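Letters are used for the chains, namely A, B, C and D, taken in the order the chains are written, and counting of residues starts over at 1 for each.
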Amino acid sequence: MIFHKDKLLRFAHCDLAGIGFYPRYVELINEVVEDWCAQGLGVSYRELHETHGLGLPAVRLEIDYLAPSRCGDVLNFALAVERIGRSSMTLDVRARADGSERLRARLTVVLASLKDLRARPIEGDWRARFARYLPAPESSVEAGTVSA
Amino acid sequence: MIFHKDKLLRFAHCDLAGIGFYPRYVELINEVVEDWCAQGLGVSYRELHETHGLGLPAVRLEIDYLAPSRCGDVLNFALAVERIGRSSMTLDVRARADGSERLRARLTVVLASLKDLRARPIEGDWRARFARYLPAPESSVEAGTVSA
Amino acid sequence: MIFHKDKLLRFAHCDLAGIGFYPRYVELINEVVEDWCAQGLGVSYRELHETHGLGLPAVRLEIDYLAPSRCGDVLNFALAVERIGRSSMTLDVRARADGSERLRARLTVVLASLKDLRARPIEGDWRARFARYLPAPESSVEAGTVSA
Amino acid sequence: MIFHKDKLLRFAHCDLAGIGFYPRYVELINEVVEDWCAQGLGVSYRELHETHGLGLPAVRLEIDYLAPSRCGDVLNFALAVERIGRSSMTLDVRARADGSERLRARLTVVLASLKDLRARPIEGDWRARFARYLPAPESSVEAGTVSA
């Protein structure tokens, strides 16, 4: 499964050349991850924090800014899970607009306790939830053997 | 040469777990690049834009978030040029605090016209300026042959 | 007429106490104004900038932060036009969540040329559009006599 | 006493018209308040949070954007305490650049517990510290009688 979300490239995201400023895309990517949790996985960030005491801090981010976008462009984001490790997972996040790919990112986050910031194994229900967004059944099996 | 700059991890950079929120570090990295231009290269962003009509849009960013930092930590940033291509260059940006490395990033930017967003060859004076921050003389020669 | 828009208070908006950080609400207010232009007035910011060469820079902002909001709260924003002057107008922006008012803001913006940043009189079509969000017919007449 | 602090108006603060974007100034004001605590009062935000369990959430903000500033302008901020109430205080924050006033703000913050977000009376040492930035001795006495 792939999670899709549209995001407007707003005035606040753009620099004096009138195009999206590169740090702002990281905020948009973060919004998409937040929306995916709530709408794709059925666990809002608030629930993740307050009910489960967990967060998803980033350990690695890679972004290719493939083409500039202008204020007013609607970016069609697509999020999939590329890999689930012992306590981390890598998300594949891409954005397209008007038929061209604008951005390709890989974000590795860790399931961690908000209290001590320690990583927690991704198990049971959590693993099952995240795994639904792995690209294909066989990859899911393979990814399960990769450690964080 | 290496450009060094201290940045306070501010309240505004931190999330509800009390640690630096990963998109905010991208803003800090951008500040360090801006300071490097003005203080390291002697060309402020304003001069770059207004006098030369140029900008440095990002085409690729990689960040490893090695360890969390807390509100009030002073991050010691170190910036070097890893590679200069025909019209792009890759910056190596690292941050340490209290003796541990917190962040390691590679940012590839393009020298581009603000008008048409087209890449411009990094030549003459510009190349000489950027090259002073390449790690060592022999690397400089090699890097010069890499195309953007 | 009143323009209504829901905004999620995101993780990125919250500070280490877990509540909305006051500068972030200004960004949310700006989003609501941007949405109002596109969805309420039928003129997107892009159209405003590119077709008309105009922008809406702020000249005054007042915000009362009436009650804290937490990550995950959905803020129901309501925007109305309080006053239209010669070239400026004051917007009344309020946010409620879970039955309580959280925020009350007044934002005065100027219709200005993007080229020279000079104020432009709010006339004809523009005035008619904005005036639809004035609170009541008699106020509209009064407001029309107030100068920027 | 008045606390002075210079802030560069950075690329990241500017919009597509090349001038400071109004929500970014609120972030700059917040930086100035944070710097004032650490450098003016001798209590960093970290100390305020971790040692004292206190924060300074905003309850009201007023900003007059008097003149636009461009990328590269150095804003000379001046912060004074206008009024100290029972548990709140109003800060007067102004910014000048190149001989003209650019911004005038009044920010009312509350001394509050980070745990329960409840206001705490500004007493003893805290009151003495803040009061050093009141405009004049007689105002200090008056302000002391104003309740939050």
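The rule is short, and it goes like this: a contact is a pair of C-beta atoms (placed from the backbone, for glycine too) under 8 Å apart; a residue touches a chain by one contact, two chains touch by 3 or more.
Not measured: the values here are computed from a predicted model.
Taking all residue numbers at the subunit B/subunit C interface, are over half used by both copies (same) or under half (different)?
Same, since most residue numbers here occur in both copies.
If you average the CA coordinates per chain, which chain's centre is most distant from that of subunit A?
D
Mind checking the centre-to-centre distance between subunit B and subunit C? Centres are C-alpha means, answer in whole Å.
That gives a centre separation of 36 Å.
Indicate the whole-number Å distance between the mean C-alpha point of subunit B and the mean C-alpha point of subunit D.
Taking the average C-alpha coordinate of subunit B and of subunit D, the gap between them is 30 Å.
List, in ascending order, every residue of subunit D touching at least 2 other chains.
As it turns out, subunit D has residues touching two or more other chains at 11-12, 15-18, 23, 27, 30, 49, 71.
Mind pulling up the subunit C residues that touch subunit B in the complex?
Touch list, subunit C to subunit B: 11-12, 14-18, 21, 23, 71.
Give the list of subunit D residues in touch with subunit C in this complex.
For subunit D paired with subunit C, touching residues are 15-17, 19, 22-23, 26-27, 29-30, 49, 55, 57-65, 68, 114, 117.
Looking at the complex, which residues from subunit B come into contact with subunit D?
Touch residues, subunit B against subunit D: 10-12, 18, 27, 30-31, 34, 44-47, 49, 70-72.
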